[in-house]
Structures are given as structure tokens and as C-alpha cells.
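The two complexes that follow have chain A in common; it is paired with chain B in the first and with chain C in the second.
Entry: the complex of A and B
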């Protein structure tokens, strides 16, 4: 369970998040949506202790962020940041193996190699393992980064817009793999998504953020309405229901 | 690749032992007493010094490139080298009779301060503008270099400056190069933390999310780089380019995972410096061209070729 209580955050004097209370239950996929600049990445980076918490409290699986060592938290929570700019020439296999660091602390063993193989297999990266990250497509690169987070083998996974720049096939494949991590491995996934239709199509729960506040949360069918699109996203789009899930007609 | 490199290095090693002002055959060097003396006093130390310097320069270049998350930077020209020279100079002016150990410590401390200053300067630069880092480093190194010149001028030391700042191996004798072993130990230490350093190339946040103690690893690496640079400047003088060209070449072939790359970098650095020194010894014998000069020529050429290849590939 991820529990957030009274979380507020300001950057350079301007408030970004306002007194957020949020509880995300164990398991399943939670999509974090909201307009650009709503504070989704900030919220994720606070949960992942990449920024210091200014006010409020966050616990992940009972461990309090900010009081738990980086090392322990790295075995509880994996995070894939929004911008994954890597200047170094690393191979796909190198990158995925870095995900094992919290467990081996510099001395990889047979178990770690097993996990890396598993991640490469599951994310269909075996044929690309020796390729450098700057020699593969954007979709393959995103997949490699998610595979690295998967190899970290943590019960909680935070992904910030992993579908950026992906074509429809790559995006659907990746969402399928994310879904699988929740369904097959019982991991708790929090994913920031840009496209509401991907959120309603793949997530169990939505959390909608606007101007640093939670505007709505719940199951997609209850949340995604024309009123929400108007009030939160400022656009008047039609919402249709298909197979019990709401879809935004764009 | 490693085998070929090792064979090449061995060949150069023998060649380096065989050439010199005194005409001695390789067999004489081992068999006659005068030969053995020459070898132990001068040729072996010189050869060892070239190899150690090459290893240290290349490895510290690669480590700094990981820390800076930028390919176009190396400690010798980015402030650490100049700071080390400043340390030696100040030490000579303030404590003229100081033991070599004191000079060494002064150089290492100044190099450390210089490297930390650089890291602080480049840290806020955006990774999306990769040319800013070498630009800032160049200016920074230039400013410290100017301070060195100013201090030398004030202290009437200008005539020493040229000798110091141009790295050369001709003065290497037994008893006068052993500090380089300290640099070699510091280089070796960076290999021990190679996996941790590689994580840093993902960026500070991603490294911390994996549980890495980013501050500690960075501090250890900066300290190691500074010691290596200082030992080379104190013993031989400044040798630019090795730390830039070699890691770039190795990254092209073997990537940046340091556990795999650092040994290759060390090997290639040793080959480059030893080859450059041999070339400098034979090119206008009996006179010598300083190793820093030969390397500047080889290094600049190699770098231009490399950049060009990179462009056609990309």
C-alpha cells in the first residue's frame, strides 16, 4: 500500500502540490492522469524519494519515505523517470543488469543473472541484448528501461509516461507487459499516462491530478466523463462506452 | 582485442628497452653489467613510467567522463592538471626545500580542490547541451592555467614553467618516478568501484533510486582522479589528450560499462603513451621530442578522425 498524507510541495516559492491525501491499495495498475504541469511527475518523484519531502508523509509498503535508507527502499520500489537521457554507450543487457544493483551491491551472482535473463526474455529483448541504447528504436529503448525496473524485482513500480514517443503497436505491447506485471506477479504499478484512453483501457484505478490537487479518483467507468474532460482538461470531448469502459472520442 | 593489445604492448615494451642514446643491443642490456645498470637505472624506469602514466591518464579520463556525464572532458586539461601544477609551484615558492612528499601532497590537494570546483561548475549544466561542459571546463582550466603563469611570473619561476607543464619522460630515472605507483593504485581503486560508477552514467536520480550512495561514490572517484593527475604532473608534467582520446575510442568499440571498458582503456592508454614516447625518441635522435608533444599530434589527429567517423555513422 502506498499511503500519502498531507503532502504539500513548492519549488522556488511557487506551490506545486497542495495537501494531498491519497491511498493506493496493494496490487493492480493505478494510472495517474492530468493536464501538463498538474504535478504528476513531482508526486511520483516524491514517492520515489528523488526530491525531499517538504511537508506531509509518504509510506510505501509500511516504509516511510525519507526515513528508510536508499538501499532498503530500492528493494521495495523501482522507478522509471520521465526523461531517461543516458549519454553513456550502454548495451541493453548492461542497462537491465543495473536494475539488480540493490540486491547484489556490486557483486552480481547467479540469481542476478537469472533475473536479467528473465527480464530480457519477458520484454522480448534477447535479440537486442548486445545492441547499444543509441542503436535501437525509441520503443525498444523504453521497453529496455521498463525491463530494468522489472529486473529490480520490487513489489512497487512507478513509471512516468513510459509511452512517450511510442507508436500504437509499441504502446499497446508495453501496456500489455505492464498489465502482466500486476496480474501475474502481483506487483503494484503506478503509471503516469498522457492518453486517457490508454488509462481507461489498461488501468484498474485512475487518479486525476489538476493544479497540484486530486480532482477525482476511482474506477475508470466512474471517473471518465464529459464533465471531467471539461473541468479538468478544459476540452469538450464526447465520451463513449465500449465493452464497459469509457473512451474519449478525439 | 585484449590479446592483440597485450601483444602490442609487450612488443613496445621491448622496443622501449632497446632504444636509447647509448648503443646497446637488447642482449647486452640483460647480460653485461653496464647494460644491466643502464636498464635498471634508466630504460626500465622510463618504460614503466610511460605505461603507468598511460594507464592513469586514460582511466582517470574515462572516470571523469562518467562523473560529468560528458564525453569531451578529461582531468589534465579541465582544471585538475593546472591545479596540480599550481600546488607544486606554490609549494616550491613557499617552502623551497620541501621534500618530494610535501610537493606531492600539495599537488594532490590542489588537484582535488580544482576537480571539486569543476564538478560544482558543471553540475547545473543541462545534459541536453553536451558542448557546454567542455566549454566551461576549457575556460576553467584556462583560468587556473593563467593563475599558474601569473604566480610563476611573480616568483621568477617562468623558466621552470615550460619544463613542468610539458610532460616528458627523458628525465625519468630510478628513484624519480616511483610516485606514479601511487597513481596506479588510485587508478586500480576506480576499477574496484567500476559497477557503481557505471550506475552514475544513468544520472544522479536513477542511481540514487537504485540505492547508490551517489555522494560517496562521486567523492571517491574525484579523489582518485585527483591523485592520479597530481602524481603524473609532479613526476612527468602535464600530458593532455590521452584521457580524452582513449576512452572515446574504447567506448566506440566496447561501450561504457566500466567493468568491461576500464581494463581496455588502461591497456590502450599504456600503448598510446609508450608508443608516443618511443616515437619521440627516434624521430630526431639523438634529440628527443617531449611525449606531451608527440601525443598532442597523434591525439589531435586521432580525435579528428574519430569525430568524422562518428558523423558519417550517425
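Entry: the complex of A and C
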């Protein structure tokens, strides 16, 4: 369970998040959505301790962010940040192996290698394992980063806009893999998404942010309505329901 | 890749042996200790600068920067000038080499840490801003040094000048021992950090996600860099031409070659590789200078020449990220 209490955050004097209280239950995929600048990524990066918490409290699986040792937290929570800039020239297998670092601290054993093999197999990266990150497509690259987070083998997984710049095939593919991690392995996935239709199509729960506040939360079918699009996103679009899930006609 | 390290080690041993044995005539009892001291000094400086540069490039995520770009060599000349300025050349020459060395090492490490401490706070983890501010502060230190040098009289200025060039000709045994300790501690620290440094190549956020927040690691690495560069510079003077030229290119050459010989992100390989190459370049270079060219040209000039070419090559050809 991820529990957020009284979380406020400001960057350079301008407030980004206002007194957020939020509880995300164990398991399933939760998508954070909202217009640009609503504070989705900030919220995610605070949970992932990529930024320091200014006010409020966050606990992930009972461990308080900011008080738990970095090493213990890295075994509870994996994060794929939005910027995936790597300064060294790494092969896909090297990158995925890094996911095991919190467990072996530089000395990988047989178990770590097993996990890496599993991750490479599951994310269909075996054929690419010796290729360098700058030699593969954007979709393959994002997949490799998610595979690294998967290899970290943590109950919680945070993904910040993993679909950025992906074509429809790569995006659907990646979301399928994310869905699978929640369904098959029981991981708790929190994902920031830009495209509402991917969120309604793949997530179990949505948390909608607007101007640093929670505007709505719940199952996609309950909250994605034309009224929400008008009030939160400022656009009047039609919402259609297909196979029990709402989709925005764009 | 371990095989390449062995080959490098052999090459280093070979150049060291050649340095000791070629032209070994005359009073051996006199020449041998002299050459051994000099060999040890070259080795220490080569290893220290190589390791420091690798660390520096890892924490800045950049392959064309070196510690001297951040004003480190300038700091050395500044300390010297400040000493001559306050003590006068008579008082200055009364200092024993051991005391002078200790003063230099402490002043440089302390100033380096203060500099980086302030910079880190100003840059708030933004490495690009850190490096740019560092370059500006390096210029500032050089300017203050030059100002001080204009204030002192010509004789004292000459004392500073002669001390601010890299010199491998006269080296004191005590200095050698002290800097050997500093370099061993520094390289030991770097080796201890090797796995953690690997993670840094993934970038700030991914490293944090893996339980390795860069801030504390940066501080440790900077301390190590300060110690290593200070030890090397106080032992032999700054490697760049008098500390006023462009960045010392020696570290740049070493890391560029190290990345060519062992293209890997793993510091367990990269650190020893760079250290070996550092030793080979300095010892081999000195061998060629002393024995083949009869000291016609100072080693630093050649290093700057080759380094400049490597710098341009890196800048134009690869723009290594």
C-alpha cells in the first residue's frame, strides 16, 4: 500500500502540489493522469524519493520515504524515470543487470543472473542483449528500461511516462507487459500517462490531478466522463464506452 | 578485457625497466637511487591523475572534462604565490620541503573541498552548472594569482615561476613517501567506490532508484579527487604549462586511451586500465625525452601537444556524451 498524507511541494517558490492525501491499495495498475503541469510527475518522483519531500509523509509498503535507508527502499520500490539519459555506452544486458544492483551491490551471483535472464526473456530482449542502447529503437530502449525495473524484483513499480515518443505498436506492447506484471506477479504498478485512452484501456484505477490537487479518483468507468474532460482538461470531447471501458473520442 | 590489463601491466613494467637500465653507466650507486626515485614519482603522478580524472568524468558524466579544468592546477599556483607573497622569498626558501609539501597538500585539499562544497550548493546537483561555475572560478583564481604576482618583486616572482612548472628532476625522498601514502589512500578509496560509480553512469534518477543517491557519492568522489590531484601536483608541480595554459590534457589523454583500450562502463576495469596507461605515458614519455632526445623538450610540452590533438578529436569526432 502506498499512503500519502498532507503532501505539499513547491519548486522555485511556485507551488506544485497542495496538501495531497492519497492511498493506493496493493496490486493492480494505477494511472496518474491530468493536464500538463498538474503535478503528476512531481508526485511520482516524490514517492520514488527522486526529489526531497518538503511537507507531508509518504509510506510505501510500510516504509517511510526519506527515513528508510536507500538500500532497503531500492528493494521495495523500482522506478523508471522520465529522462533515461545514460552517459556510458551500455548494452541491453548491462542495463538490465543494473536492476539487480540493490540486491548484490556490485557482486552479482547466480540468482541475479537468473533474474536478468528471466527479464530479458520476458521482455523479448534476448536477441538484442548485446546491442548497445544507442543502436536500438526508442520502443526497444523503453522496453529495456522497464525490464531493468522488472529485474529489480520489487513489489512496487513506478513508471513515469514510459510511452513517450512510442508508436502505437510499441506503446500497446509495453502496456501489455506492464499489465502482465500486475496480473501475473502481483506487482503494484503506478504509472504516469499522458494519453487518457491508454489509461482507461489498461489501468484498474485512475488518479486525476489538476493544479496540484486530486480532482478525481476511482475506476475508469466511473470517473472518465465528459464533465471531467471539460472541468479538468478544459476540452469538450465525447466519451464512448467499449467493452466496459470508457474511451475519449479524439 | 583482463588480458588487455595484463598486456598494459607488462608494457608498464617494460618501460620502467628500460627507464632504469638504459644507459646505466658511471657511478651506479649514485644513478640507481636517483632513477628509482624519479621513476616512483612519475608512477605516482601518472596513477593519481589518471584515477582522479576517471572519477571526475564519471561524476560529471562527461568525457572531455578534467579536474584541472575546474581550477585545480590554478589552486596550486595560488597557494604557492600566496605563500611567497606573505613570507617573502627568503622566508619561503627557509621552509623545509616537507613542510611546504604538507602546506600545499592541506591547502589544496581544503580549498578544493570548500570550492566544491560551495559549488555543489550553488549548482544543487546540476552538474553542468557545477562545471561551468567551476571553470569561471578557476579563471578567478588564476586572475587573483596573477594579481598577487604583480604585487611581489621580480625575484620572488621567479621563485614562483620556477616552482609552478612540472618537474621530475629534483625530488625529495620524504615528499615521495608522503605523497605515496596520499596516492595509495586515494586510489584505495576510488577502488572501494568502483561498483557504486558504475551505477552513476545511469544518470541521477536511475541511480537514486537503485538505492545509490548521487549526492553522497559525489562528495566522496570529490574528496578522493582533491586528495589525488593535490598529492600529484604538490609532488611535481601542475602538469599544465605553469597552471596558466588551458586545462592539463594529461588526464584527458589517459582516459581517452583507457576508453579505447577497454571500452566498458565498469570501474573495476576502467580504473586499473587508466592507472596503467597513466604510468606508461609518463614513464615512457620521460624515457623518450631523457634518453632519446637528451631532454631537448620538456615532457609537458609534448603532453600538451598530443593532448590538444586528442581534445580536438574528442570534441569534433565523437562529442562523447
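Couple of notes before you dig in:
Operating definition for what follows: the second predicted complex is superposed on the first by the 250 of 250 C-alpha atoms of A that agree within 3 Å, B and C clash if a C-alpha of one lies under 4 Å from a C-alpha of the other, contacts with A are read in each partner's own complex, and residues count from 1 in each chain.
Keep in mind that, in the parts below, contacts are C-beta pairs under 8 Å (C-beta built on N, C-alpha and C of every residue); 3 or more make two chains touch, one makes a residue touch a chain.
Not measured: the values here are computed from a predicted model.
Per the definitions stated earlier, placing chain B and chain C onto a shared chain A by superposition produces a clash between them.
Of the two partner chains, chain B is the only one touched by A:132; chain C is not.
Contacts of A:85 after superposition on the shared chain: both chain B and chain C are touched. In the superposition on chain A, A:247 makes contact with neither chain B nor chain C.
Annotation: chain A residues 45, 48-50, 69-75, 77-79, 81, 84-90, 94, 98-99, 101-102, 105-106, 152 touch chain B in one complex and chain C in the other.
For chain B in complex with chain A, the residues that touch the partner chain are 66, 69-71, 127-128, 130, 193, 195-196, 198-199, 201-203, 205-206, 208-213, 251-252, 255-257.
If you check the complex, the residues on chain C that touch chain A are 61-62, 194-196, 198-199, 201-203, 205-206, 208-213, 263, 265, 321. Looking at the complex, you find that chain A touches chain C at residues 45, 48-50, 69-75, 77-81, 83-90, 94-95, 98-99, 101-102, 105-107, 149, 152.
Contact residues of chain A toward chain B in the complex are 45, 48-50, 69-75, 77-79, 81, 84-91, 94, 98-99, 101-102, 105-106, 108, 132, 152.
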